[in-house]
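Structures for review follow.
Shared chain: subunit A. Partners: subunit B in the first complex, subunit C in the second.
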Partner chain A sequence: MEKEEKINGIISKLSFAGKSPLPDDELSSDLGFDSLSMVELLIVIEESLNILIEVSDLDPARLTTVQDLYDLMQKYE
Partner chain B sequence: MDKRIFDGVLGISCLENYILGILKSREVDISRLYCRSLIDPQKLYKDIFIENMTYETYREIPSIHSIAKQLGLIKFIFVETNRGFDIILKLRKLSQNEYLLVRVKPEYLKEKFNIRLWRDDHYILVFMKNSEIYFINDKPLAEGVLTQKELMGAYDHGYMWIRALSPMNKEMIDNSMIQFIDLFHSLKSLNYANSISYFETDREVKTKHMLLIYRVALQRTIEFLGYYFDMSSYMQYILELNKLLAKLEYDILKKNVNICGSTDIIFFIINCNLMFYENVEKELRGV
Partner chain C sequence: MILCKNMNKGKTKVLWELLESRLLQYPDSTISDEINYMTYLEIVREVDRISKSISSGQSGTVIGILCNSEFNTAIALMSLLKAKKTAVLLSSRYGENHCRKIIDFIKPSCIITDCPDNSILVNYDLSIYLVNQCRYLKLEQYPAHDMPKDLAAIMCTSGTTGTPKGAMITESNLVNNLLDIEQYFNIKQADSILIARPLYHAAVMTGEFLISILKGVDIRFYNGEFNPVRVIEVMQKYAITVFCATPTLIYHISRIVLRFSNPLPIRVIAVSGECMTGIVAELTRKAFPSAAIYSVYGLTEASPRVSYLPPELFDDHPLSIGYPLQSVSAKIVDDDGNTLAPYKDGELIVAAPSVMLGYYQNAVATSQAIRNGWLHTGDIAYMDDDGLIYIKSRKDAMVIRAGMNIYPQEIENVLKIESGITDALVYGLKDEIVGQKIMLKLVVNNPAISKQEVYEICRQKLPSYQIPDSVEFVNYLEKNGSGKLVRPKYVGAN
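What follows is the complex of A and B.
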């Protein structure tokens, strides 16, 4: 839960939406991330959670919603 | 009209996104406007790596508005004026088939959406809705009401007025295919014989620009040809390009030097294009 709160805080800061993200929010259409700013988002999360994301996880097709981000980060304990 | 007009549009610039969105909202098959999007990766390599062109300044793919105008779908004019109030007057007189794109100051976008722009000239689509000024922004996707004061404050000395003309007809559809076939054969005969250098400065960033342009060019061409052939299997190329772009951007932001990665991407694009050309040629023989 703490991890999700951190992710939400980062999304709120980087997104234009100006609201707390919901799990079903689409990173692109609801929160305004494009293919490049999505990578920036991952790097900020990476630094905040003190993890190193594997190259194989940098796959935009598998990261469409906020929930996808939560799920991915579960991998990194 | 709302921000959903941008679902699936493939503009390279904001102007292209708006034109595509507007025409889509008028039920035009916008994939016909991608008829001249195909590009030879070796020419692209030369443009980016030798001529120093960038994604935001790339003009080698004919613009969507010029194609839409040539096909007879729209007419438009750009107006440069300091008289911001002109757009308010213009807005109030817009008919059902007229649209206004207003150039806005980059700081307005930064303040309102917290975004960095690729280019300094950015436009928003504005129209009257329930007696209020309503705007739609392409990237990030946003829409809402603007006061007259806000619009005047954001206005950056220029606007584009667009009138949608006749709907797409068979002649336009046939014309778009003729244009595609001409382009396809002209690109096939090109021979640039560029050698890939490993030592350019900003190699990763240039590769990113190449990848961004090639991705949209290929995706548009797949959509264009999807009208005639089953192109679903080609989407694997787009998915792979998306992954490569994400990895490359990751390296750029992390300042990881990855010369081999950049070269692999360039060769992937060239090889991917060779396969694409071969397959399209086979398909075209049946037309």
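What follows is the complex of A and C.
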């Protein structure tokens, strides 16, 4: 839960839309991330959570919703 | 300071003859993407077939190219060059409105496409030519546009009013620019280049695609949105050795490459489209320790290449755009046109046989851009004692983000007509990664309007490359005595 809150905080900070994200929000259409800013988002999350995300998981094409991001981060403890 | 070279000594060789001679010189080199694959020899035959087929219908002389695949765009472009038609390159990557604006402005008589169902084409009464089937889907009879004979392409850029500006580029412009680039750009037949941006950009059409043909390089197109992980996968899979991109894209690629234990076999990198920053230069060098890195500069109006930094100078002068090309003369001038001494900031102006004829149907903009034979770039720059040029900022309000030219007025005009918004200011904020970020300040008369709603408006009304990075609601915007917005001073990369 704490991890998700951190992720939400980062999304709010980086997203133009500036809103608190919901799990079903789409990263591109609802929150304004394109493929480059999605990679940026992942790297900021990586630094914030002090983890090392595998290169294949940095592929923004694998992420559609905020829930996808939560699920991905479950892999990294 | 002035650097004057072979002014007005342009070569006039026909572009297609030059390309065809090189295609035949390297018959086994290839052009491909995820679906298509052809050798240079097969390309010559295909271009011959399509150019004859296009010419068989009286479909006019100014022809748009709107393909999903850059491979097909390339085939269509070469076919139009051979058929002596004028190409208008389009790209749906920047949104439908962006494309429609160009079609409405240039009014091509025919569109070559590989996607006849494209919704952009539905409302136009134009001839449609299917490039991958080598036939007209629809043929309207059109009188020929009254155009200069060797007009190869009209390359569209953004304009302050929302109407595009169409730079008229001749075959001779392109030949001269290519022969200049050929002299310094050390790529060869054994190389493979990955082209990951649309040919719609002059820097990509000339500086990546056409020059690669001249050198016999294997060309691989990457279609779709730029995704650094996928781009790197393609680089690895196809043993790519040459890559050209903006500093923003190189930054994202480099960050991921540094996670690998084995370096990519990239031998040559060319960076252009926005000011290089120290952070990006350092990271690029770290990720590609043995690559020859060319920092190059140009603008659509010069077909586009104007200068290049020799790769051996990159580590010592990473923020310089180098020296003018062989047939380009460049000087830095003040507002009265006086040439300035080294290290003095002024506007960079250039004269070269690659400078466009002018803007399509826009004599006013042409006379502002080309004065006494000199193209005014709008870039504020200085030269050092050795003649190396450094770009510092823009003379106008134009913002460059991730290599895309963005005119604030164009965005402001779109937003100001929305209900609830009474005034808007868009400006660039220096950013070490993307060059500049687009900032938006809004005055609203409806306090309930949220950032989310503003974002929705931007998403619906603006092409993706124009969507601001952040929005701030303010009570008023500062204006001068004549009621014009006071724009924050742009700060460049140096």
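Methods note: the second predicted complex is superposed on the first by the 77 of 77 C-alpha atoms of A that agree within 3 Å, B and C clash if a C-alpha of one lies under 4 Å from a C-alpha of the other, contacts with A are read in each partner's own complex, and residues count from 1 in each chain.
By our rule, a contact is a pair of C-beta atoms (placed from the backbone, for glycine too) under 8 Å apart; a residue touches a chain by one contact, two chains touch by 3 or more.
Everything numeric here is computed off the predicted structure, so don't read it as measured data.
A.B. asks: If subunit A is used to align the two complexes, do subunit B and subunit C fit next to each other or clash?
C.D. replies: Partners clash after overlay.
A.B. asks: For A:D59, using the defined touch cut-off, is the partner it touches subunit B, subunit C, both, or neither? Pick first, second, both or neither.
C.D. replies: Touch partners of A:D59: subunit B and subunit C.
A.B. asks: Touching A:L42 in the superposition: subunit B (first), subunit C (second), both, neither?
C.D. replies: A:L42: touches subunit B, not subunit C.
A.B. asks: Given the touch rule stated above, what does A:G9 touch, subunit B (first), subunit C (second), both, or neither?
C.D. replies: It touches nothing on subunit B or subunit C.
A.B. asks: According to the stated criteria, A:P23 is in contact with first (subunit B), second (subunit C), both, or neither; which is it?
C.D. replies: Neither partner.
A.B. asks: Once the two complexes are aligned on chain A, which partner has more residues of subunit A within touching range, subunit B or subunit C?
C.D. replies: B
A.B. asks: Give the one stretch of subunit C, out of 206-214, 368-376 or 386-394, that collides with subunit B after superposing.
C.D. replies: Between subunit C and subunit B, the clashing stretch is 206-214.
A.B. asks: On subunit A, which stretch or stretches are contacted by subunit B in one complex as well as by subunit C in the other?
C.D. replies: 16, 29, 32, 34-36, 39, 43, 55, 58-61
A.B. asks: Show me the residue ranges of subunit B that touch subunit A in the complex, using the header's touch definition.
C.D. replies: My answer: residues 7, 112-115, 139-142, 239, 242-243, 245-247, 249-250, 253-254.
A.B. asks: Spell out the residues on subunit A that touch subunit C in their complex, using ranges where they run on.
C.D. replies: Where subunit A meets subunit C, its residues are 16-19, 29, 32, 34-36, 39, 43, 55-56, 58-61.
A.B. asks: Show me the residue ranges of subunit C that touch subunit A in the complex, using the header's touch definition.
C.D. replies: Residue list for subunit C touching subunit A: 225-230, 232, 248-249, 252, 255-256, 259-260, 402, 450-452, 455, 458-459, 464, 467-471.
A.B. asks: Show which residues of subunit A lie in contact with subunit B when the two form their complex.
C.D. replies: 14-16, 28-29, 31-40, 42-43, 53, 55, 58-61
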